[in-house]
Amino acid sequence: MSDTLKIGTKEFTSRFLLGTGKFSLEKTAEAVNAADAQIVTMALRRAKEAGSSNILEYIPDTVTLLPNTSGARNAREAVRIARLAREVGCGDFIKIEVIRDTKYLMPDNAETIKATEILADEGFTVLPYVTPDLNTARDLENAGAAAVMPLAAPIGSNKGLLTKEFIQMLIDDIDLPVIVDAGIGKPSEACAAMEMGADAVLANTAVATAKDVVSMAKAFKMAVDAGRKAYLAGLGRVLYQGGDASSPLTGFLED
Amino acid sequence: MSDTLKIGTKEFTSRFLLGTGKFSLEKTAEAVNAADAQIVTMALRRAKEAGSSNILEYIPDTVTLLPNTSGARNAREAVRIARLAREVGCGDFIKIEVIRDTKYLMPDNAETIKATEILADEGFTVLPYVTPDLNTARDLENAGAAAVMPLAAPIGSNKGLLTKEFIQMLIDDIDLPVIVDAGIGKPSEACAAMEMGADAVLANTAVATAKDVVSMAKAFKMAVDAGRKAYLAGLGRVLYQGGDASSPLTGFLED
Amino acid sequence: MSDTLKIGTKEFTSRFLLGTGKFSLEKTAEAVNAADAQIVTMALRRAKEAGSSNILEYIPDTVTLLPNTSGARNAREAVRIARLAREVGCGDFIKIEVIRDTKYLMPDNAETIKATEILADEGFTVLPYVTPDLNTARDLENAGAAAVMPLAAPIGSNKGLLTKEFIQMLIDDIDLPVIVDAGIGKPSEACAAMEMGADAVLANTAVATAKDVVSMAKAFKMAVDAGRKAYLAGLGRVLYQGGDASSPLTGFLED
Amino acid sequence: MSDTLKIGTKEFTSRFLLGTGKFSLEKTAEAVNAADAQIVTMALRRAKEAGSSNILEYIPDTVTLLPNTSGARNAREAVRIARLAREVGCGDFIKIEVIRDTKYLMPDNAETIKATEILADEGFTVLPYVTPDLNTARDLENAGAAAVMPLAAPIGSNKGLLTKEFIQMLIDDIDLPVIVDAGIGKPSEACAAMEMGADAVLANTAVATAKDVVSMAKAFKMAVDAGRKAYLAGLGRVLYQGGDASSPLTGFLED
């Protein structure tokens, strides 16, 4: 009866992951709660900072931390950041983010595969962030990834589900949870990803750039749940030609 | 604090309207409850039938009935059906549906305006179903409509929000509730309509053609609520070029 | 063998109509020639002006003039402008344009039908500009229109083929030439309209706002011809799932 | 004045490349001529076959052959096929196609980079076929590719320009010709790719699956030329809100 998301050895009932960049620390706890997020991402830098600005103080204890390797330009740097994250107490979950392009910030799939292999061997629960590509996803599966996180659109763009066709291939053919990450700009787009059969959605910029951050976090959670429910309920057919009346069109007046 | 939808003299807290065509009477009460629908549409024929098949027995008493004039091919017939609906106890709410095209079932905007004027004068709360068109919507406003119900796509097609551009004009320029009706096939599309600022969404075929009708009714309700919440929270900007990192990209390793 | 467009009693080999607003009179003849346009629209005002600014002096004699009733806010005004156009020597072709909305400039379908009926009775070859709507198109057919000109998007917006679904209904079900008008912003969009089976396309703003007006006029003409050729050649099927190799994928190395 | 496409040491005036799979040898010469194709792809197997079915006999001498490595499942096999192609007289141009996925036939970007490096070193003019990805394209540039051939959609699907966003990045940021390959199903889509600034388009299945193969080849050529011309002419702005009349809307009747 329970519909849970399993990643590594953990199990989650929430399928909405929240990123914590670009908005104030003060809003963090409130947003995480509104989002009912059980996994929260943050840059390691923000976890390492001393004093009151350490983001960890603002994230509820019940939440699984998913530090990312933001700042890494290759596999070696990503591995180094991951190890540091574990050392400073962020746990075994790690989101691999390797970016050498500074204009569009597109992930480097090849370096991400390398880092995944190394870190999976070291016992990390590895969630690699990639441009959706079936061959890359298969390589990540073989490398020991615990999930795959394909981007919907360039990070921070709020452009929506531009890679739909390619994410669908991963959903259909890869035996790992597919968590749509980056580019989702509206709850309706998160809902659509879930309707396609994605296992979860992560949002950050779409929440952070809303006028009311906390309400938007909640709206995303609701939309993700709606999309999951619709997926499980089985969407109806699309009619490619003509219309089909819900109500009887003829005969009434002749009764 | 309360965010209510006002139509005529009534006020509703739910913004999801459910149509009851194409699925079994037995599922009706359950679906209405799952959808938390406060307004339910049905063809008058189904309310007039004798015996156990009368749909009204399956619709909770707390719900506002919205009989439609399905079967009407012109204003005269729509008016006649509306009066019958009132006579048989369906109340004052009436959805005008005038269809003379039997292939695509596209509403006749001109005849709908005429029927609206007559019925509004007779004290009905008139909700006209139309192809979205700014001039038609202004005429309906002048004719005394209580709301305008533009179609998203051909009725029963599940094709989604094809008329987005033209529904947006109604939302921005018409001082009546805009209830998106017909063609919505997925909860994500209902959510998107609400994010645009629509006041409510009606679905029927999308629910009726789902594998699990009751769950899909619930999924729609959740998506509509998510879209409304997102609209009120204020959506973030879309970045047309490049990306924008949520996490700091540089400097970490140099610390 | 010849693929001609018949409107009223005239026959044309070009399926690209050019509007002449928003760019300099000096470029007009050159653009008309580059576009190989055989029908050219212009506001009557520009044909009536005295002296060197009269646009008619810049339009080649071989071209059929299609004055529009721009400025008309109802059927009566449109009829008056049409009659004036004939009086000042613009001929019998008239494009009905009735606009009472000053923000989106959406045509008034109901008033356009009225004007069409009156002018068709007076022997005009009437080309009404409308929001695409199957019932309106049928009424225009009955009213004696010589063609129907549905908009692709709000006039002057360059937004492209937003009303595709509804234009397709007209192409499939109306026995009049369908000329897509307004909103087309790129040659590829004009090409797509022709591939759908539209009989012709009119562009104005897309040409007028290009950096090089004359080259863009030519590009549109080429794209319209390409789309027509593709329509006649019969487009291939779309594969909804998977891929399909053009070249043999296996066996080669085993030869 | 001349607008030519340079690939390796050769220069072309046509920007439409034709693939020769899936249609009869007898139509090949006619289609190549109708398409005005100066570069033609084919599987090496078809060039190696003995007797009358050797495709090379059907391709005009003036055309540059672009054999592909179809059938290769990794870099090693691709390199082997490329060398064979040169040996049997197909010249120095080679399209690298490495496919290990047999369902969607998605190219393996990583193996393609390896093969490109080896073959470029051996003096081939290498045109690698890839899933569009900015990092991959940069690696191909560094590996000595002469152009990059990103897919628009799964090969043979006719689904159109699904990867628009990611192809645009290559056009904007990579100093190699970008030739859009695979998935283009209609001339309008080829035209749109050229309007974005692509250097050329290759089609095969869209031509081969048309009712009239030769006419469709010609339609594609025309659409590619139209798109190129539009790109050079400079597309006009898109208006995101409201409309903008081409003709004067007011004052006429007051003259």
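Labels for the chains are A, B, C and D, by order of writing; each one numbers its residues from 1.
In this text, a contact is a pair of C-beta atoms (placed from the backbone, for glycine too) under 8 Å apart; a residue touches a chain by one contact, two chains touch by 3 or more.
Treat the numbers as computed from the prediction; the structure is a model and nothing was measured.
Common neighbours of chain B and chain D (chains touching each): A, C. Centroids of chain B and chain C (each the mean of its C-alpha atoms) stand 34 Å apart. Chain B has residues 103-104, 106, 154, 159 in contact with two or more other chains. Taken chain by chain, the contacts form a single closed ring in which each chain touches exactly two others. Interface residues of chain B facing chain A in the complex, by the touch rule stated above, are 19, 21-22, 42-46, 48, 68, 70-71, 77, 80-81, 97, 99, 102-106, 154-159, 185-189, 191-192, 195, 204-212, 215-216, 218-220, 222-223, 225-227, 229-230, 232-239, 242-253, 255. On the side of chain B, the complex with chain C involves touching residues 100-101, 103-104, 106-110, 131, 133-136, 138-139, 153-154, 159, 162, 164-166, 169, 173.
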